[in-house]
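One chain, chain A, appears in both complexes that follow, with chain B as partner in the first and chain C in the second.
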Partner chain A sequence: MSINRYLQKYRSALILIIILILLPLFSSEYIKVVAMQIFIFGVFAISYDILLGYTGIASFGHAIFFGTGAYVSALMMLKAGFSFWATIPFVVVSCAGIGLVIGLLTLRFATIYFTIVTLALGQFCYFLLTNALTYQYTGGDDGLHGLPMVLQTKNQMYYLALAFLLAAFFIAKKIISSPLGKTLVAIRENEFRAKMIGYNVLNYRLIALVISGIMAGLAGSFNAAMLRSVFPGFMGASTTIDVILMTILGGMGSLLGPVAGAALVIICQQYLSSYFEWWLLIFGVIFVLVVLFLPQGLISIVYRFRKKNTSGGLN
Partner chain B sequence: MNILEMHNIHTYMAGFHILEGVNLTAEHGKLTILLGRNGSGKTTTIKTIMGLTPARSGEILFQGRPIQKLHDFEIPWLGISLVPEGRDVFSQLTVEENLLIAVRKGKKVPKQRLDYIVDIFPPMKNLFKKKGRNLSGGEKQMVAVARALVNEDKLLLIDEPTKGLAPIMVESMRLALAEIKKNATIILVEQNFEFAGSIADDFLIMEHGKIVCSGEIGDLINNREMQHMYLGV
Partner chain C sequence: MSEKQQPYILQTVDLTKSFGRQTAVNMVSLNILPGEFVSIIGPNGAGKTTFFNLITGAFKPDSGIIYFKGRDITKAKEFNRVQMGMARCFQITNVFPHISVLENVRLAVQAKSKHKYRLFINADKLKELTEYAHYCLEIVQLKNMAYQMAISLTHADQRKLEIAIQLASQGELMLLDEPTAGMSAEEVPAIVEVIKDIRKKEQKTIVMVEHKLNMVLSLSDHIAVMNYGMLIAYGSPREIKENQDVQSAYLGRKGDA
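Right, the complex of A and B next:
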């Protein structure tokens, strides 16, 4: 593809990236923090989209990975004196390991039983963090605080979070466009048919869970580095519900949609809660409206706009 | 020489005894048609061969090797392909991706295989970039059969390929199957006796989960009484 065609094809994306690069120059500290949260939760939502949107596995315990990533990084930095970057391989290995164990135990069901078992495992992990026996390591309900700074300024952290989102997006896009990604879509669409052409469905679901778990763990780790604290809530059911909302509101099976969903949920959480005591009620109405009028999520607005501009009514 | 043999196969589904001692042989290089009324166990027979509804007892031999204990996803690797009833084309994938995903060795459909497929189904060459969900019923059936051809499999199990197709598509499917059977053994489940009779070499008739009659297709074509008794023709 020539540079001109490339620029034309990805014009909107490039404009958006340039705006995001310039954003810290004219925004307040608060907006930077909100944007960083959107970037990090955007990665978390992309990871869930690989699982739910592309592979068709509904997990209610996805926060296990997010919390594991956060706590592994925090513990290694605070208790063992590792730098943030040195903790990353451990986050990857631990999340991959947990993904393998959960997958081997539960993925053969891949139905409502899988969803229930992951919900139970999520709650188990949450109580493990808040248990008196683990208090000295995890800080119990208070969590762990005072993590060393990864970078010196907010702007640097902002660009790191943005780079993290872009890298995660492009890696996820590569995976989804690869034969592996096509196989996951095929399994989601028709598990029976995928078996009939010789695919070991369980193995592929396991691969999807491990990739998704690693990505979610890294998001948790970056979230810990950004906040310089970790809380048991990172592993709680509410974090899982947040990521499910982000993915569904944004649009499953689109990668970009969950990032838009993360932006909507976090902006609502940050701004609506400042102005309205009953903000969850308003958020609930927004959720119902999106589901009713945009069943394929926020991203469907972009698709409709693009179709209108490119097809000229012929397609 | 028999490519496939089933000996005294019993299969149960949801507690019901569906196959009640099926004995079946398919000769190498022939097109064997599996006939029978609705609910006689034809589809269950090919699902049992593929391991989808595993046999509770009996033996299935493919090229002399027992396969009834293999996992369902291992069976296609032996060189057996199933074209299921209802086509089951992946609607989110393009036709090209539908073919690619079925390739077992390598990353793309070998050139000569692709040419072979396009020779058999000439309209396919204009469909490669089309998504599965945008195909007509006839196009979906073509893709479903084409997908079974990408690997040079030795045995093709095809379940009711003419169901719901317009007469012109039925005729092109007949020509396609006549071409395919030059290079592969086929077991075809079919209700359309006229279609089946025109391309088959051998026949098997099922009733109540058993093979009740078998032989060369000519014998069945010439025996009106048998057609009426078992097939209601």
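Right, the complex of A and C next:
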């Protein structure tokens, strides 16, 4: 493809990226923080989309990975003096390991069983953090604070978070158009048929869970680095519900949708909550409206303009 | 796994499967040679589909052994059997609904390729897979519908897609479970043509369950007749037509056909 055609095809994406690059130059500190949250939760939502939107696995414990990433980074930085970057390999290994264990225990059974077990495991991990026995390490309900700064200025952190989102998006895009990614969609569409054309469905689900877990773990550790604190809530059911909302509101099976969903949820959380006492009620109405009128999520507005269908999108 | 020297591609020995008190498949022993076209007929509930499910591994038999290409596969998993060269189409259409027709077939080709676990390559750029998928669609006469969603096809075309997916699996043994199920009389000849075409172009062993007797008699080398879970007759189409047991069990009841 020539550069011109390339530019044409990705024009709107490029404009959006340029806006995001220029944003810190004319925005307040507060907007930067909100934007960083969106970038990081965008990655978290992308990771959930690989699982729910592409593979068709509904996990109710996705925050386990987010929390693990955050706590592994925080503990290693605070207690062992590691730099943020040096903790990354440990985050990857621990999240991959947890993904493997959870997957091997539960993925061979019906999906509803997986959903319930992940919910229980998520709660278990949350109590593990807030337990009196682990208090001296995890700080219990208070969490851990005063993580060393990864980069000197807020602007640098902003660009790091943006680069993280772009990299995660690019990698996820690569994965879903690969033979493995296409097989995940086939499993979502018809697990039995996928088996009967010779795919080892369990292996593919495991791989999906591990990839998704690693990505969610990295989002967690970036979140810890950005806030310079971790809280047990990172591991809690409300974090899982947030990521489910982001993915469904934005549009499952589209990668970009969940990022838009992350933006919507975080903007609602930040702004509605400061203007309205009953903001959750308003948020609930927004949620119902989106589900009723845009069942394929926010991203379907974009598709409506482009009149193009995505190969991976749910119909 | 025990190795047995024999010419048969598929062999079942005293295969039995019960559901509660109902014995769906009762001591069925069947030997099929490579390249043969064998049809299984019998009244509804005779155990034909259960027999298929035992061969493909959807069910585990209570007793008996299944050999495929001389290897005991009685305990092998479904996907392993497919990897060994078994391909199956379903009585109830079973495709990937929200994926294009071409992708449905391409996925089956991919399952048999060395690329199936690759992560960082664009699947659509693996030309040889896509080309083979196009070839399979051509055989079943669906070439013009390659880019439609599978769910948008007519029932008859979805049946053809089933067969294309099966072809794409490149198995030596094709198991066709009522390929014309739910089709109108006008649509049947096209499927018969497709099956004949496959036999001509590809060296496949085909085992077919089917109710349409004219089709069975014209396509098959051998016919196996099942009733109440048991194999009551086996022979050439002519022998089966003349068999008394078969006539009383099945052929006599014209309403079933």
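What we mean here is this: the second predicted complex is superposed on the first by the 306 of 315 C-alpha atoms of A that agree within 3 Å, B and C clash if a C-alpha of one lies under 4 Å from a C-alpha of the other, contacts with A are read in each partner's own complex, and residues count from 1 in each chain.
Basically, a residue touches a chain if its C-beta (ideal position, glycine included) is under 8 Å from a C-beta of that chain, and two chains touch if they have at least 3 such contacts.
Source: prediction; values computed, not measured.
With chain A as the common reference, the superposed partners chain B and chain C clash. In the superposed model, A:151 makes contact with neither chain B nor chain C.
Number of chain A residues touched is higher for C, counting chain B against chain C.
In the superposed model, A:166 makes contact with neither chain B nor chain C. Look at A:282: by the touch rule set out above, it reaches neither chain B nor chain C. Of the two partner chains placed around the shared chain by superposition, chain C is the only one that A:180 touches, whereas chain B remains out of contact. Touching of chain A by both chain B and chain C, each in its own complex, is seen for residues 179, 182-183, 185-186, 189-190, 192-193, 195-201. Taken together, the chain A residues at the contact with chain C in this complex read 174-175, 177-183, 185-186, 189-190, 192-201, 207, 311, 314-315. Of all the residues in chain A, the ones that touch chain B in their complex are 179, 182-183, 185-186, 189-190, 192-193, 195-201.
Residues 56, 77-79, 82-83, 87-88, 90, 94-100, 103, 106-108, 110-113, 115-124, 126, 149, 151, 165, 168-169 of chain C are the ones that touch chain A when the two sit in their complex.
In the complex of the two chains, the chain B residues touching chain A come out as 50, 52, 71-77, 81-82, 84, 88, 90-93, 97, 100-102, 104, 107, 147.
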